[in-house]
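Following are the structures in question.
There are two complexes below, and they share subunit A, which is joined by subunit B in the first and by subunit C in the second.
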Partner chain A sequence: MIAGLYIHGQSALHRAAAGAKILAMVALGTGVFLIPDWPVVAFVLATVLLLYPVSGFGPRIMWAQIKPILWLLVIFFAVQLWLNDWQAGLLVITRIAAIVMFASLVTLTTKTSDLLASLERAMQPLRPIGVNPEKVSLAISMVLRFIPVISTVASEIRDAQRARGLDRSIIAMVVPLIIRTLKMADDVADAIDARSFD
Partner chain B sequence: MIRIENVSVQFEQRRALSDIDLTLGEKRIGIVGANGSGKSTFVRLLNGLQTATSGRVLVDDFDAAKDGRKLRRHVGFVFQNPDNQIVFPVVEEDIAFGLKPLKLSKEEVNRRIDDVLARYDLQDFKTHPSHLLSGGQKQLLAISGVLVMEPRYIVLDEPTTLLDLRNRNRVQRAIAELDQTVITVSHDLDLIADYDRVLAFEDGRVVLDGTPADVLPKYREMMA
Partner chain C sequence: MKTKDIVYVALFAALTAVLGLFPPITLPVTGVPVTAQSLGPMLAGAILGARRGGLSIVLFLVLVAVGLPLLSGGRGGFGVMIGVTGGFMFGWAISAFVIGLLIEKFWNRLNVFNAALSIAFGGIVVLYAIGNAWVAVVAEISYWQATVGAAPFLIGDAIKVAIATAACLAVRRAYPLISKAG
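For the complex of A and B:
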């Protein structure tokens, strides 16, 4: 399941303009890579974490955002420890954690439609070179929408193959998943056409 | 009024529909037939998802071959699996999606979303992730996403096939309350038992056409 989807609320961050939040995300993402000291980046991370309760989110939601990348943080820390020292390790993982936690906070407090509307506006200058902002934003929204659907399909296939004793076969998992996903893509394309989106 | 004039649809190796000639003016029309009989191809003609190889499809003033985009707003389409129809991750966003080409004001979009959600008692789910709805709620959301475009006709392609009995009954009540002309493809014969007209398809042709009282017993016999 996708962790960081919009959760309705009335906080200042919920009310802030989507464009401003995207700009803040870009600024934070760039800023933490310009800062060479881990304690300063750790302070930025702590500030980001503080924004969670301020926006009405408890520890459970915070944990759900960081949990999927924990293993990655451990690996990065270990590599830096091996190549450099523990300070370098802390610098790398606090940077990544700050970016991920802030990006999650933006998606938790911003409706997908508002995010996409901002992206569409930002992409308007690209229209003369053949970029269709509406189609790009539709594609992004569909990625968000279909991650949980494909995850459910994968779980159904895993159960079906397990029942046949094929739980160790990658082919038995991947082939039906690809076939069902392609069929689903056809059906979704029809549904989009049917709703008059060109 | 829908007019199907000598329509045939040919896929590469297979003739899906042969010389269909019909006028449909009833408020509730049911379509039955075995898998592969041509019934889904037939209803896909009605909002331009499928083009006829020969013949003409006219829905009110729209010619399906020429007015595809306008026709799709005039004829809403609800698919069997709502998971393939819901394209946005949040309920209100998905309903708003169909309104995008209409360039309505934000207030009008919100009004239509609130109205349609209230109609199906889904107002508490307005900001809810769409993938967390139950099967019945998803199908009602799919219907809402079509209704909000205020079409004149609604085509439902096996809308209750994937639902449990309670949700099936809920969707049946929702269909019964629609003001629009409804064309329903279904294997669930009880769903269309009180319709005005039923067409039965076999091998790409209409083999039975009449009231449910006339058609359904013969169709049951045909499928025995």
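For the complex of A and C:
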């Protein structure tokens, strides 16, 4: 089973309902786009950053959240500096940082299973338009099961193609991977139908 | 949706996740990283068709959003979904759907040219139209500036279109799925 990005803790944010955190995230994401002044957005960012130690996360975890987009922030700041002024640059990067840091905080404090449970509840009203939450849940469980299986198949194919001297050919890798994946589907579908799912 | 369709959807979501495990190739000179993962939406659309292909990418994105580190480089969670590159994430689902529609349309007379054009249209034109719009809004730059900024990534995408086209045609011969769906 793949481990989620959730980090265990006891803080108020950890205990808050998943749906409430998602709504807060949407509200914050919309809010910072409506604020045209960088000092206000910077204040929002500072508040979000403060929530990290409050939720029991140290600077190392904070850094890990922002690191992947740091280069983009630098570019965006430079572009604004070139086109407009440094205030516009700060507005853009504090805005992005606030959204990303809060969204990451929601991910860090909410169990994948809780998010999936709220997703299933949120899908119930969609039943009349043909969305079947049970089928979605089945699909989700299957993906989690298939990732390690397909990953094993991929390394088998890589070994086989290396023996043929084809290990640098992506086509020789991708085509057998897809065909073996599709063949798997027949057996899995039969197994599910044999157990009278539906 | 029949059980088998659900299985196909799940398998291609998983395949997209597995493609993210392959180490990215860094292009010479420009230094732009090319990941195998964005092949996922192209393959899903070209092999499963519009509906199943689009849904398999939606399913993949749902799992990323709920906090599984399935994106290339072990990333995941809401931060990447609504961050700077969020438009490309949502664009993947639309691009798989559009590729699927076009491939279905050309299915009976599919050849290298119309397959490559379908995949390039959905996987580059549609994808960047959405992704660049998102970047333009988030970074407060013009649409044109966002497009220029994304240009270095096109080399990797051209390679991926070629791979997806070859894979789509090979799989169509060996294991056609779209005609079966009717």
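By our rule, the second predicted complex is superposed on the first by the 127 of 198 C-alpha atoms of A that agree within 3 Å, B and C clash if a C-alpha of one lies under 4 Å from a C-alpha of the other, contacts with A are read in each partner's own complex, and residues count from 1 in each chain.
Following the convention adopted for this analysis, a contact is a pair of C-beta atoms (placed from the backbone, for glycine too) under 8 Å apart; a residue touches a chain by one contact, two chains touch by 3 or more.
Remember, predicted model here, so these are calculated numbers, not experimental data.
In the superposition on chain A, A:139 makes contact with subunit C only, not with subunit B. When both complexes are overlaid on chain A, the residue A:67 reaches neither subunit B nor subunit C.
In the superposition on chain A, A:5 makes contact with both subunit B and subunit C.
With both structures placed on the common chain, the touch criterion links A:100 to subunit C but leaves subunit B unconnected. Partner contacting the larger number of subunit A residues, of subunit B and subunit C: C.
In the superposition on chain A, A:184 makes contact with both subunit B and subunit C.
By the touch criterion defined above, A:195 reaches subunit B but does not reach subunit C.
Of the two partner chains, neither subunit B nor subunit C is touched by A:127.
In the superposition on chain A, A:83 contacts subunit C only, with no contact to subunit B. Within subunit A, the residues touched by subunit B in the first complex and by subunit C in the second are 5-6, 111-112, 138, 142, 144, 149, 184, 188, 192-193, 197-198.
Per the touch definition, subunit A reaches subunit B in the complex via residues 5-6, 8, 111-113, 134, 138, 141-142, 144-145, 148-149, 152, 184, 187-188, 190-198. If you check the complex, the residues on subunit B that touch subunit A are 44, 47, 49, 69, 72-73, 76-77, 79, 81, 83-90, 92-93, 96-98, 100-101, 127, 129-131, 145-146, 149.
Against subunit A, in their complex, subunit C makes its touches with residues 1-4, 6-15, 17-18, 21, 36, 39, 43, 47, 59-60, 62-63, 65-70, 73, 75-84, 138-141, 145, 149, 163, 166-167, 170-171, 174-175, 177.
On subunit A, the positions that touch subunit C within their shared complex are 2-6, 22, 25, 29, 65, 68-69, 72, 75-76, 79-80, 83, 88, 91-92, 95-96, 99-101, 103-104, 106-108, 110-112, 115-116, 119, 132, 135-136, 138-140, 142-144, 146-147, 149-151, 154, 170-171, 174-175, 177-179, 181-186, 188-189, 192-193, 197-198.
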